[in-house]
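Take a look at the structures listed below.
Look for subunit A in each of the two complexes below; its partner is subunit B in the first and subunit C in the second.
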Partner chain A sequence: MTWSIIDTWIVIIGGLCAAGCAIPGAILVLRKMSLMGDAISHTVLPGIAIAFLITGSRDPMAMLIGSVVVGLVTAFLVQAIQTFGKVEAGASMGIVFTVLFAFGLVLMRQAVDHVDIDPDCVLYGSIELAWFDQDPEGLGIPRGAIVNGVMLLANLLLLLLFYKEFKITSFDPALAKAQGFQPSFMHYMLMTMTAATAVAAFETVGSILVVAMFIVPPATAYLLTNRFSMMFILAIFLSVLAAIIGHISAITIPTWFGFSGTSTAGAMAVATGALFLVAWVVSPLDGMLVRMWHLFSTRLHVVREDILGVLWRLEERGQKELLLVQLSEAIGTTPFLVKISLQLLQKRNVVSKTKLFWSLTDCGRKQAAAIVRSHRLWEVYLDKHFPQDVHQLHQSAERLEHITTPEMQVKLGNAKEDPHGSQVPADE
Partner chain B sequence: MPSLEQIVRVLSLEDYNTRVVVLGVMALGAASGLVGTFLLLRKRALTADALSHATLPGIAVAFMIMVAFGYDGKSLFGLLTGAFVFGCIGVLAILGIRHTTRLKDDAAIGIVLSVLFGLGLCLLRIATELPSGSAAGLSGFIFGKASSMVASDATTMGVVAVSIALVTMVLHKEWTLLCFDEKFGSSQGWPVIWLDILLMVMVAIVTVLALQSVGLVLAVAMLIIPAASARYWTSKITPMLLAAASIGCLSGWLGAVVSALVPRMPTGPIIVLICGLWFIISFIAGPKDGLIIRQLTRLYLNRRIAKQHILRAMWEVCESNAVPEFTVDSIVYVRSWNNRTVIRLLKKVSKLNYVTQLPSGKWLLTEFGFAEAARVVRNHRLWEMYLITYADIAPTHVDRDADMIEHVLGRDLVAKLELLLDATKIPQSPHAIGVTQ
Partner chain C sequence: MKVEAGHSTTSPVSIHDLTVAYQRKPVLWDVDLDIPEGKLIAIVGPNGAGKSTLIKAVLDLVPKASGKVMIYGRPFAKQRKLVAYVPQRESVDWDFPIDALGVVLMGRYNKIGWCKPVRKQDSKAAMESLERVGMADFARRQISQLSGGQQQRVFLARALTQDATIYLMDEPFASVDATTERAIVKVLGDLRSLGKTVVVVHHDLQTVREYFDHVILLNMRVVAHGPVDEVFTDENLKKTYGGRLTLLSEAADRLARH
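Coming up: the complex of A and B.
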């Protein structure tokens, strides 16, 4: 990997662009309007094409105005078709942005002699060439960095100014309206921010990949935090990280396979996706690992209680001890889970092991009695209130016994005998 | 401008190329109209967008694999198979995100769409560097390149369109149930999940076929716009399917013709623009929920309300003065209307033969008008009494509420109210009449 000043600037521009997108993106994700970002970023194209046709130049101001106007028209049309046309939001967006995007493509094709813009630029942007587009003052700062930097600052400023308005209109529009916060004004301001940011990002990452910048880092942040403020901080951090990882992988990973490199903008989008995947798996809030752990520990809890229940019923019938295999067969689960559970129970001094046989300790007998008592009281209760097949009764009680608290047990009554005729163990 | 001769040539499908493109996109339009109808009713419009964007890495991967094994990397069937596989992966990823995180559909769609599209762009860039096989044409799938269609492609589209029409005919009832009441379907023992999967597979097939002519960015338009337009013409499923298929077919035809006649008109975007035109026409002129019909309905309702208001005002003036004729001033006196409004309304109802103007300049309710006015007044007062008796509202506050409801009280409801309130004649007004009370 050879790193040059050009790469540094690519990363800086990418980072500024991504961070700038993350701010309106986070609000869009929270409002469940992510796809408005998609729709608006597509319609930047006709905006730019119209601005070209009218002014005949690549004047950035004209481009900005053109795109923001078309962006707002998009937002308005989506709303109008949704309310007046009784079309659901997704379809309404799909109709508006595809038609406007098609219009932009046709305009570009018609104006192909007059303007130096091609569909490739729409797809990839031109971040690789950004360094060569220096500012007129000659400070050595590429124009892309200035454009995206200004956009980032503007978004930050708007966020800080309207922080509480954004917060309340995002979470409770009805309350916001009742308190005079004008959700529709905030809506159109957000749409303006989105459109302006999309134009600024257009030259950097193109019209379609900007969607990744808008949606993926904030969605990742959403998986990682429950706080509104933290969501912005995380989204900005993740988007900058994605920009850095994206460029580095764009110039390194393909070289491992003998290719020269790949599109930085595309790789940045993939990097946001990779970060999302990581958060999806390891998020401490409800990532896959956390979910799996919850499932697993619940499972173990159930197995432990089942072991105690089996051993207690065994003693009821006059026997005392069982092999691990017999236990796992009685419970109907894998020997592995039973083994882990038994080890934990042994550590808590609830069961003891003599040679290969497992039996209850005195302390374990009390706990086991409580579980069996729950089970049999539930059977009594269910039999009384929801008469059903006796086998079914056992199945239902088998589930309920694991979630019965001592308070519930008290309310279940004081029956002496369950519907099968077995003794209900006494409450100790 | 194209010459007449050119137009005739294109319309009569004389050229091989035009013939292939026109027939191909027409078949595509019809197929996507059919599938799109169910997609739209199932509220999955943008899932299809994510699906079409997710096909890009599939195209690149398929190309690389084919080149690596020494085949021609441009085999359309191979590329579209790759696209189909990745499209399905995209849909599965959306489902995965929706079911295992707290993110909603919109974010899931956005993530899959943009990340897989980005991956596709990266892979395409790499594919162009492959030593054998030129990947130059691959990016044609992004914006579509209808001119690259050959006869076999058009045939494939025709076959697919016919098969989709058949599947739709067979599963028409099941898919309708899936769209409108999924839970009822599953409680009745329908294999809802498989029906759903089959629908998404159909969507994926149509999307993949649309890549070549319309391009993946705009493929979703072919699915949803004809269906959404059809919705304004009918609210029955079979006519809607037919209408959507026809609109899709017609848009395909018009788009292909226009792009063949006018230079520098890319086929895909033109087809989408024509679909959009259809949508605008349907949105404005459609008989179901179209803009015009809604405005007309409203206008008609407003007129009826105005008519009933003036009738009631006249009746109440006559009632309180205990004389059958009245002046414009006496109505102005009891209502918040100005002179001009009252005269305008009186002229309107006199055309309907409700009132006549006496030579003295005073007005008189005709027998017919008297009966109609009495009916309106009775509705109004019955509702007032009902509110006073059952909703416990003060007599001074019932006038406004009754004002709104009097126009929509049906015969049955009035009969029930009479029974309930034990009123057979027109009740007395529970409050003083007029604004100057």
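Coming up: the complex of A and C.
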């Protein structure tokens, strides 16, 4: 990998742009209108084309104004079609932005005849070339960095200034309105931020990356936190991380397979997806690993209680100890799970092992009695309220015994004998 | 103070000739009401009777086809600080990344004002409100991890922290546990003893007599309103729920089609 000043600036510009998008993006995700970012990034195109046709120049200010105006028109039309057109929000966005985007392409054709404005460039951007577009004063800072940096600052300022207004209008628009915080005002401010960010970014990174940056890092942040402030911090962090990882992979990974580098903007967008995937798996809140761990630990909990139950019933019949294999057969689970469970029970001094045989300790006997008591009381309860086959009673009680709290046990009553005629162990 | 004709200045909420329509179909028709001060008032009526709409119309949340609502003789927009609102629990996304304290703090936003940060005394007030509904221990709990009843109590705490004179609550008793029901009843009692006016959309006819002083029987129009002892009669209930007011709803359907 060869790294030059150009690469540094590519990452800086990508990061600034991504962080700028993450701020309105996070609010859009929380308002369940992430696709609005997509819609508005696309309608930047007709905005630019109209501004160009009117002014006849590529003056950035004119293009910014054109895009923001068309972006607001998009937001307004989406709302109007949703309210009066009997279609849901997704369809309403789809109608507006596809038509406006196509209209933009049509206009662009007209414009292209006059001056070089390239629809491809709008879609894919030219972040690789951004460094060569230097500012006129010659400070060595590319224009893309300035434009995206200013946009990021503006978004940050607006977020800090209207932090609680964004929070209340996103969470509970009705209360916000009743308190005099106009949700529609905040809505159009957000739409303005989105449109301005999209137009600032489109030239350097292209609208495909903009769409990804609006949605994916905030959605990833949403998986990782349940605090409002952390949504923004994480979304910004993740989007910058995606920009760095994206560019590094764009210039390294293809070379491993004998190709030259690939599109940096594309690789950055892919990187946002990769980060999302990682968060989905490892999120401490509700990630796949956490869920699997919960399932596994619940399973172990059940096996431990079953072991105690089996040993207790064994003593009831006058025997005392069992081999690991016998336990695993009696419970109907793998010897492996039984083994880890036994080890933990032994550590807690609930079971003891003599040679290869396992038996209850005094402390274990008490715990086991409580479990069997729950089991048999449930059988009594079920038999009384939902008469059924005696065999089925055992099945249901088998599941219920593992989730019975002491309070529930008290409510289950004080029967002395279960429907099979076995003694209910006394409460201790 | 300038007062509009036909409105009482002493009534906390004075509704005059109010009609509200969704897509031209009226849901409230010519509602005339002066809500008495310092009472617990239930709004009772069948599904689709316009109970929630009545509250929303008072709060300017739905457009009025005609009519006016005055809060102590002045428009709502000038009296916002006097009115606290408890929306239906289902109206918000409980997966929103925020904790119970954060939700309650929203009740203070109006006092804080635009663009200003939350202050220490706001957090203190919010914690006190959480304590009043028995939720102080859950202040830092993410709201999706609360039970339905606990969520309802958070909403109630948020309204309390608004420190208003008039409280409008939309079905606070809907599917809550016994603890929450007791907590809400206690808060209602406290508010009454402080002289506040509380209007509650209520669906449980069994408890109206026990919990409320006044009742508004609503089915598109006000069927009857007044002290519970006088108004909450079998005959009035039959008129509200039983008669189905077929002619009125037929007329409403025709309006919607034209």
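Keep this in mind: the second predicted complex is superposed on the first by the 426 of 428 C-alpha atoms of A that agree within 3 Å, B and C clash if a C-alpha of one lies under 4 Å from a C-alpha of the other, contacts with A are read in each partner's own complex, and residues count from 1 in each chain.
Everything below uses one rule, namely that a contact is a pair of C-beta atoms (placed from the backbone, for glycine too) under 8 Å apart; a residue touches a chain by one contact, two chains touch by 3 or more.
Here the structure is a predicted model, which means the values were calculated and not measured.
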On subunit A, do subunit B and subunit C fit together or clash when superposed?
clash
Looking at the overlay, what does A:Met408 touch: subunit B (first), subunit C (second), both, or neither?
neither
When both partners are placed on the shared chain, which of subunit B and subunit C touches more of subunit A
B
In the overlaid three-chain picture, which partner chain does A:Thr262 touch, first (subunit B) or second (subunit C), both, or neither?
first
Touch check for A:Gly180: first (subunit B), second (subunit C), both, or neither?
second
Touched partner set for A:Gly90, first subunit B, second subunit C, both or neither
first
Touching partner for A:Lys32 - first (subunit B), second (subunit C), both, neither:
both
Would you sort A:Leu223 into first (subunit B), second (subunit C), both or neither based on which partner it touches?
first
Please report the subunit A residues shared by its interface with subunit B and its interface with subunit C.
32, 222
Inside the complex, what are the residues of subunit A that reach subunit B?
29, 32-35, 37-38, 42, 81, 84-88, 90-91, 93-95, 98-99, 101-103, 105-106, 109-110, 112, 119-120, 123-124, 208-209, 211-212, 214-216, 219, 222-223, 250, 254, 259-263, 265-270, 272-273, 276, 280, 286, 288, 291
Which part of subunit B faces subunit A closely enough to touch in the complex?
40, 43-46, 48-49, 53, 97, 100-104, 106-107, 109-111, 113-123, 125-126, 129, 139, 142-143, 217-218, 220-221, 224-225, 228, 231-232, 264-266, 268-270, 272-273, 275-276, 279, 283, 289, 291, 294
In the complex formed with subunit A, which residues of subunit C make contact?
56, 59-61, 77, 80, 83, 85, 87, 91-93, 96-99, 102-103, 106, 109-110, 112, 114-115, 117-118, 142, 144, 158
Subunit C partner, complex, touching residues on subunit A are 30, 32, 161-165, 167-168, 170-172, 174-181, 222, 225-228, 230-231
